[in-house]
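There are structures below to look over.
Two complexes, one shared chain (subunit A), two partners (subunit B, subunit C).
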Partner chain A sequence: MWAGLIIHDQGCYLHSDDKATRQMTKTLTALGLESSCDDTAAAVVRLDADGPSILSSVVEGQTDLHALYGGVVPEIAARAHTEKLDYCIELALQNADMTLTDLDAIAVTAGPGLIGGVLSGVMCAKGLSAATGLPLIGVNHLAGHALTPRLTDQLQYPYLMLLVSGGHCQFLIVRSATDYTRLGGTIDDAPGEAFDKTARLLGLPQPGGPSVEQEALKGDPKRFAFPRPLLDRDGCDMSFSGLKTAVLRARDAVIAEHQGLPTKDRADLCAGFQAAVTDVLVEKTRRALRIYLDEKPDHPALAVAGGVAANQTIRTGLLHLTEQLNTRFVAPPLALCTDNAAMIAYAGAELFQLGHSDDLTLSARPRWPLDQSSAPMLGFGKKGAKA
Partner chain B sequence: MQAKSNILAFDTSAAHCAAALLCDQTLVSERCEAMAKGQAEHLMPLLEELLRDARLNWRDLDAIGVGVGPGNFTGLRISVSAARGLAMGLNIPAVGVPCLEAQGFLGGDETPVISVSAAPRDQYYADLIQDGQGRGPKLLADNALPSYPTRAEPYVLGHRAEELGAMHGLQVIKPAFPLAEGIARLAMRRMRSTTDRPKPLYVRAADAAPPRDPAPVILP
Partner chain C sequence: MAEQLLYIPLPNEDATRKLAHIISSSIAVGDTILLQGDIGAGKTFFARALIKALIGPDEDVPSPTFTLVQIYQTETFEIWHCDLYRLTSPDEALELGLEEVFAEAVCLIEWPDRLGDAVPKECLTLRFQALDNGQHEVNVTASTPRWQRLLEQLSESQTTTNS
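Presenting the complex of A and B:
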């Protein structure tokens, strides 16, 4: 009798709807969409008892579309996102060997970022959510980056995050998927933007991060004494726009002397620029770590995210710093440091587990600080802090 | 004859949020709300309202019709992105319908029509619609109209139609349907032959210029 019941139960279990099975094992499968800058991305991430896993991650870059203009053109980016995103989603589902019915939630970057692209992603996600009845979760792009070390290394809260990319630069104490303390950040440009600008000034290819780093290997970092902005000031704020101007002046002086830019001088300019960025980032990270470690976290850790975190000189500087301070250093693989949708799917899944979801009136937001309590970053520079 | 079908069409190409629900050639429900901004927030609830009015579910739809412009770039992307998401989620076609064709659609194919809509800076978009098809919208100014050979003298309709008609000696007519309904009716006609996914009809290129400062001369 009992045996019969058990067999019957198992039969039901096997033939029951996937969703019931997932709820029993607490598995959560989320689709993520990302379109806030110049990468169109879709990914499927699963959370289960063993932790998170990335089932697929598709990133369609737009570097070629913007190459002519020496920077991301918002209108060109928005046009590309609108026409590529659904194809990326189909590919992500295909690579995960899934259909929409296998999903539990749809997560989408709802800001901050270039509004045209964010809007395309948000509207596409709303269409999918309305059509399938799946919950919709608007994710802060910065939360996606900030939670990536949990996706890759299952890092425990609270940890210190240095988010450093072409569009962002800030220190965050990450306490939960919804609780962040911003310790400081750039008051104007992001370092990634400074790398791109330096590459442009010196006739190196875009994106500037890898090309300037490559060139810097051959150069003398001490020859050009570039400024270390805001190191003389307390706190964790940084500034990189003056550094771009300093590189321009030094370059023009070299050109005036030689009627052109000799490759040796170019390498020295790159090395000097990179050394200045590294010094600022490492020193400000030291200060941020001091504030964070004062809280006596159980498992002290510094995590980095963003494309600039791929720079070996910066990475080495940060690694040495964490060694001195007995803090774990976590740097996710490059593909998960730069913009991707796996981080959005993961952040969406964590938010969904906490009971968060959005309705079909979800807005796309060009600015959306993670730490709502920190002072707004308006009023600096020409249009306010860009990063 | 066409099979029975339910078509939901919408448009945010200008300062409005417009939608129409067509069931088997009959207009069941329709809305056009004027709004300068907020279309991204309003569009989906508006569509759900239309479905509710008709006691239909998303699953009852057979095709989506969407206005692809020309018009406000952001507005075009709002509707086109939503249409593509809906089409994928429902596994039904999304038919992109040029707005000037929808505006100039009179219910049949016979009459050639010059369909005009507003563009920024005193300019306007115009297209010649004949046999249910446009030739491709043009961005025009200074009272010009597109000149194409037509079977008969075309009518003119839409933005500044009275003025342009008087100037060019063309007869003015009123659109036969509100914009979203025109989109729905053309989408119904085209849903079985359309294979391309909808994409915005921008007409104007993205405003972008290469950087002014030239790259330095590199010496060996």
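Presenting the complex of A and C:
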């Protein structure tokens, strides 16, 4: 594919540990690779004096960009990732009108995620790095999501992040590309998953986010008094699993009464469920914002990345909250909130500017908490990283 | 060997935790527990209780629905908590590396029907159901002598509770 490849001139700042040299460099162009879950992706991102720009971003395996609440048939096979990576890289470079020799660094998701997929990406990036001499940077997938508001809106540190992409849901204070404080998160289901499962329970199509939202428009949010889990408890932790069970019970009661689920009742169930999720998210965000604003940030901002930011009821609730608290509200475009490689290229570029790079011993880490100091993180096991 | 079946009512969350606690004391490397039942039947709640019983009460156990697999580490073995709902064929399950893991780890598998013929033969099966009154129940099936001893133990604990 890359016959006639010219080994990159290592004479400038590549492989140099001189941070000052890197920071003085006018532009930094990074290739990013992402293959930690369902999708395979490659992208080219450039940092220069005007800020970051996405030169190209290719995502394969994502049948519908609006499938933001999960519920996508997974492409988990490592082999599929490996095959698609080649194609994605080729296309990303072509779309950016570049060859490998125009790049300054190669960034790759090194975890957390499904081991087969992560390994495919890491092996591919190592191969490219070894062949070209370009620096290799292993990026935490969650850091990619958490830094996206800097890529899209050039937010200044520190900002509060509500990260609700895919299976994740957590509050992070983002202080730098390497410094995150986790304030709390879901202890069971992510809200997107709760939307998906509610859709399943009510016979609505997947992805559940948009279909439940649409039904909720026609319903009465006050008819069913669904629980607001963990609102009675201090802190920023959330729980959405019990809400799903409450919807199930209410549905069964309706079915028992009517020998079926009338559309009006279904709309009321959707509206009641959505109201409960909104209340929990808004109240927990209020608490997280209070903690964050206590630190008196220079440019207070809340960034919401993920499908829930697309839900108008939730979005309006969060918007009002930030207006009350004189905080900027940022929601990056949805295509950059689902898994993509532009966020990995950007995070890698920022890390590289800070002097970070990895050698060919870089390994895949199925578990990799962003905030190493906080309470156990979602799904990474208490005993720490395996790799 | 004939299968043995035990019905256990789960009137509240503590009953599920107690069941998980008893099962956790019999768990060994290579064990696979299949968790059947519809959405909201109590599969993930039980898995969460079992993982906490094996590792500790502070362990966060998020739903594996989106990630397909969440891996935990005890002192001596890994626990794979899988939700195969999103899979469409047994081939995909095998791509997750489950076949090797069945022998090397402890596997808790939700929606095991997605495995087809690849389901390990010597597993413990728990079939959960949500009842109209908000309570749950579970039917436990054991097909090996060791699991059948566990069933007897569970049966005894039921008698103790009810007396």
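Here is the rule we use: the second predicted complex is superposed on the first by the 331 of 387 C-alpha atoms of A that agree within 3 Å, B and C clash if a C-alpha of one lies under 4 Å from a C-alpha of the other, contacts with A are read in each partner's own complex, and residues count from 1 in each chain.
Methods note: a contact is a pair of C-beta atoms (placed from the backbone, for glycine too) under 8 Å apart; a residue touches a chain by one contact, two chains touch by 3 or more.
What you see is a predicted model; the values in this text were computed from it and never measured.
After overlaying the two complexes on the shared chain, residue contacts for A:116 are found with subunit B and with subunit C alike.
In the superposed pair of complexes, A:308 makes contact with neither subunit B nor subunit C. Contacts of A:249 after superposition: subunit C is touched, whereas subunit B is not reached. In the superposition on chain A, A:45 contacts neither subunit B nor subunit C.
In the superposition on chain A, A:366 makes contact with subunit C only, while subunit B stays out of contact range. Within the superposed three-chain model, A:187 lies in touch with subunit C and out of touch with subunit B [touch as defined at top].
Judged by the touch definition given at the top, the superposed model places A:282 against neither subunit B nor subunit C. By the touch criterion stated above, A:200 is placed in contact with subunit B and with subunit C alike.
Of the two partner chains placed around the shared chain by superposition, subunit B and subunit C are both touched by A:78.
With the contact threshold set out at the top, residues 70-71, 73, 76, 78-79, 115-116, 200-201 of subunit A are in contact with subunit B in one structure and with subunit C in the other. Within the complex formed with subunit A, the subunit B residues making contact are 40-45, 47-48, 58, 73-74, 77-90, 197, 199-200, 202, 206-211, 213, 215-220. Subunit A meets subunit C in the complex at residues 37, 70-74, 76-79, 113-116, 166-167, 186-190, 192-193, 196-197, 200-201, 241, 244-245, 248-249, 252-253, 256, 366-367, 375-379, 381-384, 386. On the subunit A side of its complex with subunit B, the touching residues are 68-71, 73, 75-76, 78-79, 82-83, 85-86, 89-90, 100, 115-116, 119-132, 200-203, 251, 255, 258-263, 266, 360-364.
By the touch criterion given at the top, residues 39-40, 44-45, 48, 55-56, 58-74, 86-88, 92, 95-97, 130, 132, 134 of subunit C touch subunit A in their complex.
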